[in-house]
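Worksheet: the structure to be examined is printed underneath.
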Amino acid sequence: MSKIINRRGFASDNNSGVHPGILAALPKVNDGHVIAYGDDPYTEKASAQLRDIFGQETEVYFVFIGTAANVLGLSTVTQSYNAVICPETAHINADECGAPEKFSGCKLLTCNTPDGKLTVDMIASHMHGIGFEHHVQPRVVSITQATELGTVYTLDEIREIARYTHEHGMLLHMDGARISNAAVSLDCGFYEMTGGAGVDVLSFGGTKNGMMYGEAIIFFNPTLCEDFKYRRKQGMQLASKMRYIAAQFSAFLENDLWKENASHANRMARKLYAAVKDISGVEVTRQVESNAVFARIPSHIVPALQDEFFFYVWDEEVSEVRWMCSFDTTEADIEAFISLIRSKL
Amino acid sequence: MSKIINRRGFASDNNSGVHPGILAALPKVNDGHVIAYGDDPYTEKASAQLRDIFGQETEVYFVFIGTAANVLGLSTVTQSYNAVICPETAHINADECGAPEKFSGCKLLTCNTPDGKLTVDMIASHMHGIGFEHHVQPRVVSITQATELGTVYTLDEIREIARYTHEHGMLLHMDGARISNAAVSLDCGFYEMTGGAGVDVLSFGGTKNGMMYGEAIIFFNPTLCEDFKYRRKQGMQLASKMRYIAAQFSAFLENDLWKENASHANRMARKLYAAVKDISGVEVTRQVESNAVFARIPSHIVPALQDEFFFYVWDEEVSEVRWMCSFDTTEADIEAFISLIRSKL
Amino acid sequence: MSKIINRRGFASDNNSGVHPGILAALPKVNDGHVIAYGDDPYTEKASAQLRDIFGQETEVYFVFIGTAANVLGLSTVTQSYNAVICPETAHINADECGAPEKFSGCKLLTCNTPDGKLTVDMIASHMHGIGFEHHVQPRVVSITQATELGTVYTLDEIREIARYTHEHGMLLHMDGARISNAAVSLDCGFYEMTGGAGVDVLSFGGTKNGMMYGEAIIFFNPTLCEDFKYRRKQGMQLASKMRYIAAQFSAFLENDLWKENASHANRMARKLYAAVKDISGVEVTRQVESNAVFARIPSHIVPALQDEFFFYVWDEEVSEVRWMCSFDTTEADIEAFISLIRSKL
Amino acid sequence: MSKIINRRGFASDNNSGVHPGILAALPKVNDGHVIAYGDDPYTEKASAQLRDIFGQETEVYFVFIGTAANVLGLSTVTQSYNAVICPETAHINADECGAPEKFSGCKLLTCNTPDGKLTVDMIASHMHGIGFEHHVQPRVVSITQATELGTVYTLDEIREIARYTHEHGMLLHMDGARISNAAVSLDCGFYEMTGGAGVDVLSFGGTKNGMMYGEAIIFFNPTLCEDFKYRRKQGMQLASKMRYIAAQFSAFLENDLWKENASHANRMARKLYAAVKDISGVEVTRQVESNAVFARIPSHIVPALQDEFFFYVWDEEVSEVRWMCSFDTTEADIEAFISLIRSKL
């Protein structure tokens, strides 16, 4: 797989490297000693930046990766006999090797969705057996923004899910691994789409948008996470030299670097979509609302395309592929890839 | 605690920053796209470097932190009804907030040690109830090199523990969070002290010796870890942009940077020890064999010392303190600290 | 609910009491002392009876209940990153409050089935991501015989599933909570339907067929369960006075009491079915192959029926009810119930 | 081990059978159908009897065995990062194969005790690292009454431990596997020794005192166990035919059968003690305060004694043996055993 060394492709937004603005932030915090494990001024600064965005009463915790943000966020607000309702395509269900079950004990109750987005009706289909001890008890609804299929919940859709979720005594979790791409897509702020729309727990990700590592968990209600510090440590997610995660977040948020990166990635996806949607032999299969383009293409041309621009087949059976754009995808990449596709059809 | 911003102290070797040689390695691997999650040439290079040290048949996996290396290493070779025998002072027992129990289900059987080091006799005291289903079944002996008390097992001591451990059908785990300091102390290579002495699973750490984040788990017998990749993912320790962990390890190992850093830290500890051992009112409490000095000092002078050089009280009851030296501790730091101590007594 | 004290109904085959032949067996083993925890002659006798049925190389373990038999059986042959494929209606998925996930860490991959029975095609739909560390790895297929919907797998159906399961390196688990009813339905022996058809792990139940408590786990391959004794103890399922579980099993198996009980229950279900299938307003919804009758009836008559013969509504939305027959259901019960239904329509 | 079929010995109070008064209770509840899983009049009756003893606000739950009562009781009031402080000899630490750790995730912090009894000083030795995320957080103190060494806490000792425990924001758990023997020993009621002395969670056992199976968990504060019904089901401890556990408890409590049985067992132990304490070659090693006698005897006579009256060696190294008396131990048994001992010395 490493034949074409370091060639940009469309495999994933975490195949890209680190944005220079993030990388440059690391040496700036490297001076001298600070208290390990987060009791340092850099961590305090990044936390304050996130509280400025999400609300002063918000609790902010840094962990290493998105899977951990999801799993620790969910396990903090559940007991082992609870259930989490989510789309079948959710990262927590399909891509975390059972970490939510292993760590929280909870069952995931999944919904088939046409577009990766839950609806109130889908959630409602799992709301039975409440108070019945033979059944797991739904406690959290988890949505992903932007979804694993590149679609984006509207603010109204989130608010409607939050309303139903809270009416039924549950909490709303958002996996925001691509939250920047969604915010740009909706042209709204982070808070509007999360706490402002009723989200209770947020995994706020940056690695897919130019960071090296590090994810933030945002609890909008501090009573939900009074013991979180123990859970993070026991969950093997307490970084000793936390200043380097904090520095990345500070750089990510300063001067709207997150927005610049995500806007670019989304624009590249739209450009790719605009070109391929009219190519005969390519059938775009999902709404292009963030930085992903899903399409069915003839399976026999897949290897030749992958040779030059690596990407993943999403669904072998129907030859549906996923093309992810990244903060560093160039217009030239898109143009070359389109030419390549045309040449193979 | 952050009054004295970034002043070097003796609190912990992970209060220090990142060695410039490590930091400089990050931009060098930042070019273009590589396959995420470790299937990249940088990860292959660092793995090969470690295999060159530890043996070609060795399996090498990168995770984020030492706690995770310990917990995943142990849980891979145990079942939930097993037990792990370790010193009471072991990091896995005293400093990981119960992560080993939570993640593996295992009980830790602890031994009181005068110096942080297990002996065969101590291990033997837990070898009862074998085959008896009411008892947990010992499966792993875990030692720390250098220990949490700054002492170092000799090669003979490790070999003797390994012999006993293997004779009883158990495996030997080493927590090598400060393995560089131990290797320098014994003036031996990494392999000689680990696989060569009978260690089966090793947590190989660099963060306390100048790295930013990242730890390696070394399995000396590949049959022990055939399914480790699933455990790492489920254990929330699979880095997407793994190249940046790999790059740190490569820099750490190249040109013996690890040795330079650890030699310096150990030397600073010896210098500190040499000065304080004769100061009346300071009683050095542990053998100084790596980069730590433990001493009893009058409790009333602790705050004044901490004001200028932060450090931790190890045992409040007897006013025993711990002074850790780091790769960036300077001779001037030591001298200033010694003067300060003298001035307060 | 206890207004009609001890009136027989159709709620569940575990609402019934204990068969007199089982009850009479308890005093017979009450004499004197025997070694606790199963090392006694009564346990050895019952185990031998089960080995005579299932094969001499079979390993037999007693636990308290069916949920425990399922959960311990499954967790013994899985690791936490594995998955278990089962019908959505499976007891392990729908009725055990998440015990399999909590105890084993595994994810359950569920299939929608029209009749509670898995097919190879359904299983195959979950066979992706094999060897891919982001996905849970399917390790066990679990079927229930008779199913939660009262249907029964044919021997050929079991063999076909076993063939596929083994070809894909997986194991076949059978939840036999109602295995007697299935054996009677197929007119075959226990072994033919289990180990003889390719089942690897069996939960062999008697409580729904006249026992007081106690369930057996049968491992057809002893290498699968070498450490099971520790798992049972740690799983809180090791009975100290095990002779009383053993005595029940001995009585259950002697003189084919199991067959007499199950034949009767099945016959009562067929009698009920024969009468209601032609009643206008009653629509039988599932094949009646064991001791359950499922039917849609007008929801307004449900309370009046339940007042005299308690039973459960299976699916509120479509007013589908479940009527279970038991070893102690009488012909008069059936006739009275049928009359009652007629009178309310 | 079953050479001497059903001969009474001194191995354990659960090697004995079921008291005839308990056995006779089972057929009395066998009539007709009742709602399964505890919603039946027999369970309500037994619960009411226990509430009459322990207080009307008390919550009562039945499970199968003592290990489960302990583990579910503890896990209901802890989170995985908590710790339970207990004697090293506690059943939860020494005899449950790690079930508490596996099921709750908690670490057990153990104390060496001369007599199986915790003191406030011992508990206090573990009260450090409070609020420090690297340490597990003590949440429960667990005492056993009577202890595994046959000793009994006085009411004042329990009250003193409860006071300290509550002052430090913790809860007091009592493992009452032999609570009847302790109550008889102290000549007090169950409540006086438990809720009345400050116990928060009680495992109330009967199997070691003449019952067949079944244990009660008593929560003295209902806010502690609002979700216990889900934990019991998920913990594989919800009996379907619960009436038969309830019936045993009713018989156990009626006419003070518990007291009659325990008084007898204790008396037999005192009789044994009175005789052996003056035999040269036998050194009684523990206070005889309930139904156990511990003694050092020459190891060479152990096999000959065991041949006729089976018992366990408690500590091989010092040839300390345990002789347990039971509700069915006879005066003749004691006399014969004493003669045997004398004859071998």
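Just so it is clear, A, B, C and D label the chains in written order, and each chain counts residues from 1 on its own.
Here is the rule we use: a contact is a pair of C-beta atoms (placed from the backbone, for glycine too) under 8 Å apart; a residue touches a chain by one contact, two chains touch by 3 or more.
Computed from a prediction, not measured in an experiment: that's the story for all the values here.
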Which of A-D and A-C has more C-beta pairs touching across its chains: A-C
Relative to chain A, chain with the most remote C-alpha centre: D
Euclidean distance of C-alpha centroids - chain C vs chain D, Å: 33
Cα-centroid distance, chain A relative to chain D, in whole angstrom: 50
Centre-of-Cα separation between chain C and chain A, whole angstrom: 42
Junction residues of chain A - those touching two or more other chains: 80-81, 96-98, 102, 105, 133-134, 230, 233-234, 238
Contact set on chain A toward chain D in their complex: 37, 79-81, 105, 133-134, 137, 227, 229-234, 238
Chain B - residues contacting chain A, complex: 1-2, 5-9, 11-12, 14-18, 20, 23, 26-27, 29-36, 39-41, 44, 64-65, 67-68, 71, 96-99, 102-103, 207-208, 212-213, 230, 233-241, 243-244, 310, 326, 328
Of chain A, residues touching chain C in the complex: 80-83, 94-98, 101-102, 105-108, 128, 133-136, 316
